[in-house]
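In what follows, chain A forms one complex with chain B and a second complex with chain C.
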Partner chain A sequence: MKGMRQPEPAQPAHAPAEGLRQAMSWLHTWAGLVFGWLLFAMFLTGALSFFRPEITRWMRPEVAVQPVSAARSVEVAEAYLRRHAPDAARWFIVASTAREPGVRISYQAAKPPPGQRGFRRVTLDPVTGQEIHARETRGGDFLYRFHFQLEMGVPWGRWLAGIAGMFMLVAILSGIITHKKLFADFFTFRPRKGGQRAWMDGHNALSVLGLPFHLMITFSGLVLLASLLMPAGILAAYDNEREFFDEAFPAFAMKPASGQAAPLVPLAPLVAQAEQAWDGGAIQRMVVNRPGDAAATVSLSRAVSDRVSYGRQAPTLTFDGVTGQPLGGTGEAGAVGTVAGTVVGLHLGLFAQPLLRWAYFLVSLAGTAMVGTGLALWIAKRRQKLRSGAPDTLSLRLVDVLNAGSIAGLCVACAAYFWANRVLPADLPARGQWETRIFFAAWAASYVYAALRGRRKWRDLSALGALLLLLLPVLNALTTDRHLGASLPAGDWVMAGFDLSALVAGLLLAWIARKSGGREQAASRRPARHATAGPDGAAPPLAGSSNAAYESR
Partner chain B sequence: MSAAAFCLAYAGFSALCLAMDRHHEDVFDRALPRGRRLWLRALGWLGLVLSLAACATAWGWSYGIVEWVGILSLAGLLLIWLLAYRPRAALAAAGACAAAAPLLAWAA
Partner chain C sequence: MLRYRLAVTSRAAAAIGGGYVLASAAAACLAVWLPLARVDAVVAAQMLSFVVYACAALWVFATRNAWRAWAGVALPALVLAALFWLGRAGGV
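Let's turn to the complex of A and B:
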C-alpha cells in the first residue's frame, strides 16, 4: 500500500493516520464487495418489510375486512376454536388491528396425522367469524423472512445473514474512518463529473446523511440475531436454550396437561381485565395452553406497537384457564430489558406510525442505494484506472455481471413476484410456492442475461423492472376490482398506496435505465478517446497500478 | 407539526450548505463574505434546533428524536439531490420552507 500517489502533500506527522486510513479503505472496499450483493438484497427486502402487512393485503385482494376491537376478535376466535379445535394442545390468537384487520388464529392439533406437524393457521373475518378463503400467498412475509433467513434452512440462513450484518458494521465503521472530508463534503454531489467522482459523491451522500439510521439498523439487526451468533452466554447459565427462552418468555412456555378435563373460562372478559390493567393498552395476542384441561392457562400480550421499548416482548398477563384468576405476568421490563427492547424495537419499527414508517422506508431505501452505489463505485474506480481503450478485465466483467444481477435483477425479481401473484390461477396447488419460485427464477434469469448481454445489461434489466412495475397497477386493474380508479375514491390507502408506490418505483428504475444507457454508451465510446485525463482532471491511469486496492481521494 | 419540522430541517441544511464556499459559489457565482457565512451558519443551526423542538413537541422527546433523525436524513438527501440538478429550485425551496415553517407550526 505504500508509495501510492497522493494528491495532498504528505506530512510526516500524519503518516500513522494515513496508514490507518489506507488500511481501513482496503477493509471497506473488500468487506463491502464480498457481502455487498447479499447486503443489497437484505436492505431492499428489509425496507419492503416495513410494509409487510400492507404488501400481504395487496397480495390478497379478495380480503376486504374492517378492523374490530380486541375483545370482539377474541370472541370470534374463541367461537371458531371451540368448534373446530377443542382438543388442540394450544391456541394462538392474534387480534384484529388497523394494519392487519383479519383475526389470525393458529392451533396445534392434539393428534396430528402421521408425518405432519399438525399446525394449522386460519384467518377469520372479524365481523362474520367465517374463515377467509383467499388465494394462497406468502405475501409480505416472504420478503420479511428472506430479509434475515435468505430462504435457507434454520440456522444457516440466519447465520449467513448475521455474518453479512457483521461485515456491514465493519464496512460502516471503516467507511467513516476512510472518509477524508466528512463535513467538508457533506452536501457534495457532482453527478456531471461522471465516473468514479460521481459514484463516490453519491455513495458518500447516501451513507453520511443516513448514517444514524444505517448504524442503528445494522447494530440492532445483529442484536436480534445475538442468541444465535453468540450462544455462549446462554449456554453458560442454562443447560439448553429452551430453558432460557422459557424463562425469558414465560407466556409462551409449554406447560404439561393434568389429564383432568375442566371447562375453559370465557376468554373475552379476560381481554377487558387486561386492558384495564394496562390503562387501555392494546391487546395483541392471546395464547391458550391446554384448553379444556384443568391445568389450562390463558396468556395475553400487549401490542408491541404500543411502545418502541417493547421490541418483540411486550408485557404479558397470565390467567388461570378454569377459574379466570390472574396468575401474574411479566410487567414492564427493567432498565436492561428496556434498553434491549428499544434496540430491537427500533429495528422492527413496529411502533412507527404511518409517517415515521415512511421515513423508515425511505431511509432504508437510501441504505439500499448506499450498498448499490458502493458496488458500482468498485467498478467505476477500476475502470478509470484501466489504460484508455483497454477492454474491461475479466474480474471487472465478472463483478459488473454480479452487480447487475444483484441490483437490477432483484428489482426485476420483486416485480415478477407481484406479477405472479396476480397472474397465477387462484386455485393452483402450492400457489404460494410458485410465486416464490417465479421470484427466484426471474432473479436467476437476470444473472444469466447480465452475463450474456454484456454492455446493455444495466439498461435492459432496469428497463424491464421499470416496465413490470409501471404496468403493475394496470395488471391490478385487469385482475381485481380494487384498482386505482376504485381505491383512490374509496380512500383505500393500502391498495392505492401500493399501486402508487409501484408507479414511483417504476419511474425511478426507468430513470436509472436511461442514465445507465447513456453511461454504457459513454463507456463503449471510451476507446475512441486517446489518453486524455479522467473526467475529473485526475492524472491519466498509471500502468501497473491495477493491483492497488486503495486509491487516494 | 411534522411538516414544519421537515421544512425547518430543509431550510436549516440549506443555510448550512450556503455557508460553505463551494456551494455558495455554485449557487451565486461569487465568493462568500465572512459576515454572511456566520449569519448563515447561525441560521442553519437555528433551523435544525427548531426542527428538533418541533419534533419533540409533536411526539415527545424519546420518539421526537427518532423522528428528527429520520427527517434530517430525508431533508438532507432531498437538498443534495436538488442542488445537483436544480440549484436554483433548491434555493427557492429553502426560502419557501423557511416561510412556511412558522405557518405550519402555527396551524398544527
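Let's turn to the complex of A and C:
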C-alpha cells in the first residue's frame, strides 16, 4: 500500500513547524479516511434533518392539517386521552405548530396486551380531534434517527456515531494546523489544473467556507451524546446516572402514584396560565403524570424553538394535577446550563427561522461535500503518484469503490426512499419498514455495482441518482394532487419546496455524473500523468506552494 | 515497514485509548473540583473533556517519539486521577 510507506508520522528533523504540519497532515488524512464514509452519511442525513417535519409532511401528502393554538391542541388531546387512556401512567402532548400542525400525543398504557410494550403514539387532527390516518411512513424521522443512531440498537449506533464524531473533530483540528494560509486557500480554486489540484482547492474552499459551522456542529454533536460517551464526570459526582438525570432534568422525574383516585384538573386553562407566566412564550409540550390519581402533576415546557439556549432543556412549569395550583418549575438555566443549552441548541437548529434554516442546510451540505471531496482527494493524490500507465493498486480500488458506494450510493438510496414512499401501496403491512428496507437495499446495491463496474461507477450511480431525483416531482404529480402545478399557485411551500429541492439536487448529481464521466473516460484514454514520485513514493515539494507539507501526502 | 506499522499502532492506541482515559480523568477531576453546583460542574466537565480528548490525540501524533506520546497522555491522566481521588476523599 503506497500511502502507508511513509516515515513515522512525526519527524521534525530541522524545521519543527514543517514537521508538525507534516504530522498533522498525516493525521488529517487518516483520521478523515477511517470514518469518512460513515461521516458522509451522518452529514447528509443530518443536513436533511433540519427539514425533518417538512420531509415527513411531503411523505404524507394526504394529510393537510392546519395549525392551531397550544390551548386548542391541549383541549383536543385531553378529550382523546380522557376517552382512550384514562388509566395510563403518563400522557405526553406536543402542541400543534406551524411546522408540525398535527397534535402529537403518546402514552404508556397501564396494562398493555401481552407481548407489547404498550407505548402508543397518535397524531390528532387539531380541528376535528380525530386520529389522523395516513400511509405508514417514518418520514423525516428515519433520516434524523439514522443521523445519530445509524439504525442500530440503542447504545451501539450512538457509540459508533460518537466515535466517528471524535475522529471528525480530530480531522478538523489537524486540518486547520496543516494549513498555514487558511484565508488564502479559500480564494484559491484551480479547477482547470485538474485532478488532485482541483479536488484539493475544492476541499479547502468548502472546509474554510463553513469552518466555524463544521467545528460547532461536530463538537456539539459530541456534547449531545456526552452522557453516553463520557460518563466519568457523572459517576465521579453522583452515585448513579439516574440521580444525575433527575437533578439535571427535574421536569421528567417520575413521581409515584398515591393509589387514591381524584379527578384531573381541566388542562387547557393551565396553558393560558403558563403562557402568561412566560410573557407570551409558546408552549410546546405537556406531560401529565398519573392522570386520575390524587398525586397527579401537570408539567408544561416552553417551545425549544423560542430561544437557541433552550436546546437542552426549555423552562418548565409544574401544576398540581387535582387543584391546578402552581408547584413551581425550572426557570432559565444558570450560566453553565445556558452554555450547554446553546451548544446543543445550535446543533439542533430548532430555533432557526426559514432563512437561517436554509443557511443551516446549505452549510451542512458544504460540510457533506467537504467530507466527500476529502475522500475523493485521498484517491486523486495517490493516483497521481502512480507510475505512468500503472493500474490502480488494490487499496486505491477498494477506497474508490467505498467512496462511490458511500457518496453516490447514498444519494441513490435517499432518492429510492422517497420513491418507495410514493410507489408502495398505501395499505401495505409494515409499509414504513419497507420504505427503509428499500433505502438500505438501494444503498447496498450501489456498493455492489461500484465494485463490479470499475471505471463507470461514479458516472452511472450519479446519473441514476440524478434521474430518480429529477423524476421525483413527476412521480409526485402522478400519485398525488399536491404536485408543483398545484402547490406553487397555492403557496404550499412544504410540498413545492421539496419538489424544487429534488430538482436542484438532481441537477447537481447530473453535473457530477457528467464531470465524472468525462474524467473517467479521459483517465482510461490517456496513459497516465507524468510521474513525479521519488524513490520513496513521495512527490517532491512543489516550489512556491503555500502548503508543501500538505501536498506531499 | 513492520516497525512503521507498529509505531502507528502504538500511537493510535495512545491517542484513542490513552486519550479516552485522559479525557475521563479530566471529566472526573473537573466534576469534583469545579466551584459550581454539582450538576453544572458535571455538565461543564463533560463538555471540556472532549476538548481534552482532541488535544490529547493531536499531541500524540505531533510529538517526536512514541515515549513522549505515551508520557504526555499518561502523566496528566495520573495527576488528574490523583486530584479526583483527593477531591472525592476530601468531600469537596
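To be clear about the criterion, the second predicted complex is superposed on the first by the 513 of 553 C-alpha atoms of A that agree within 3 Å, B and C clash if a C-alpha of one lies under 4 Å from a C-alpha of the other, contacts with A are read in each partner's own complex, and residues count from 1 in each chain.
As a convention for this text, a contact is a pair of C-beta atoms (placed from the backbone, for glycine too) under 8 Å apart; a residue touches a chain by one contact, two chains touch by 3 or more.
Quantities reported herein were computed from a predicted structural model and do not represent experimental measurements.
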item: Chain B versus chain C as contact partner of A:L394, first or second or both or neither; value: neither
item: Which superposed partner A:A430 touches (first chain B, second chain C, both, neither); value: neither
item: First, second, both or neither for A:F213, with chain B first and chain C second; value: first
item: Partner chain(s) touched by A:L356 [first = chain B, second = chain C, both, neither]; value: first
item: Greater chain A contact set [chain C / chain B]; value: C
item: Which superposed partner A:A248 touches (first chain B, second chain C, both, neither); value: second
item: Partner chain(s) touched by A:V154 [first = chain B, second = chain C, both, neither]; value: neither
item: Which of chain B and chain C A:L452 touches, first, second, both or neither; value: neither
item: Footprint of chain C on chain A - complex, ascending; value: 4-12, 20, 23-24, 26-27, 31, 166, 169-170, 173-174, 177, 219, 222-223, 226-227, 230, 232-238, 244, 247-248, 334-337, 339-340, 343
item: Chain C to chain A touching residues, read off their complex; value: 1, 4-5, 7-8, 11, 15, 23-25, 27-32, 36-47, 49-50, 53-54, 57-58, 61-65, 84, 88
item: Chain B - residues contacting chain A, complex; value: 2, 13, 16-17, 20, 22-23, 62-63, 66-67, 69-74, 76-77, 79-81, 83-85
item: Chain A to chain B touching residues, read off their complex; value: 184, 186-192, 205-206, 209-210, 212-213, 308, 346, 351, 355-356, 359-360, 362-363, 366
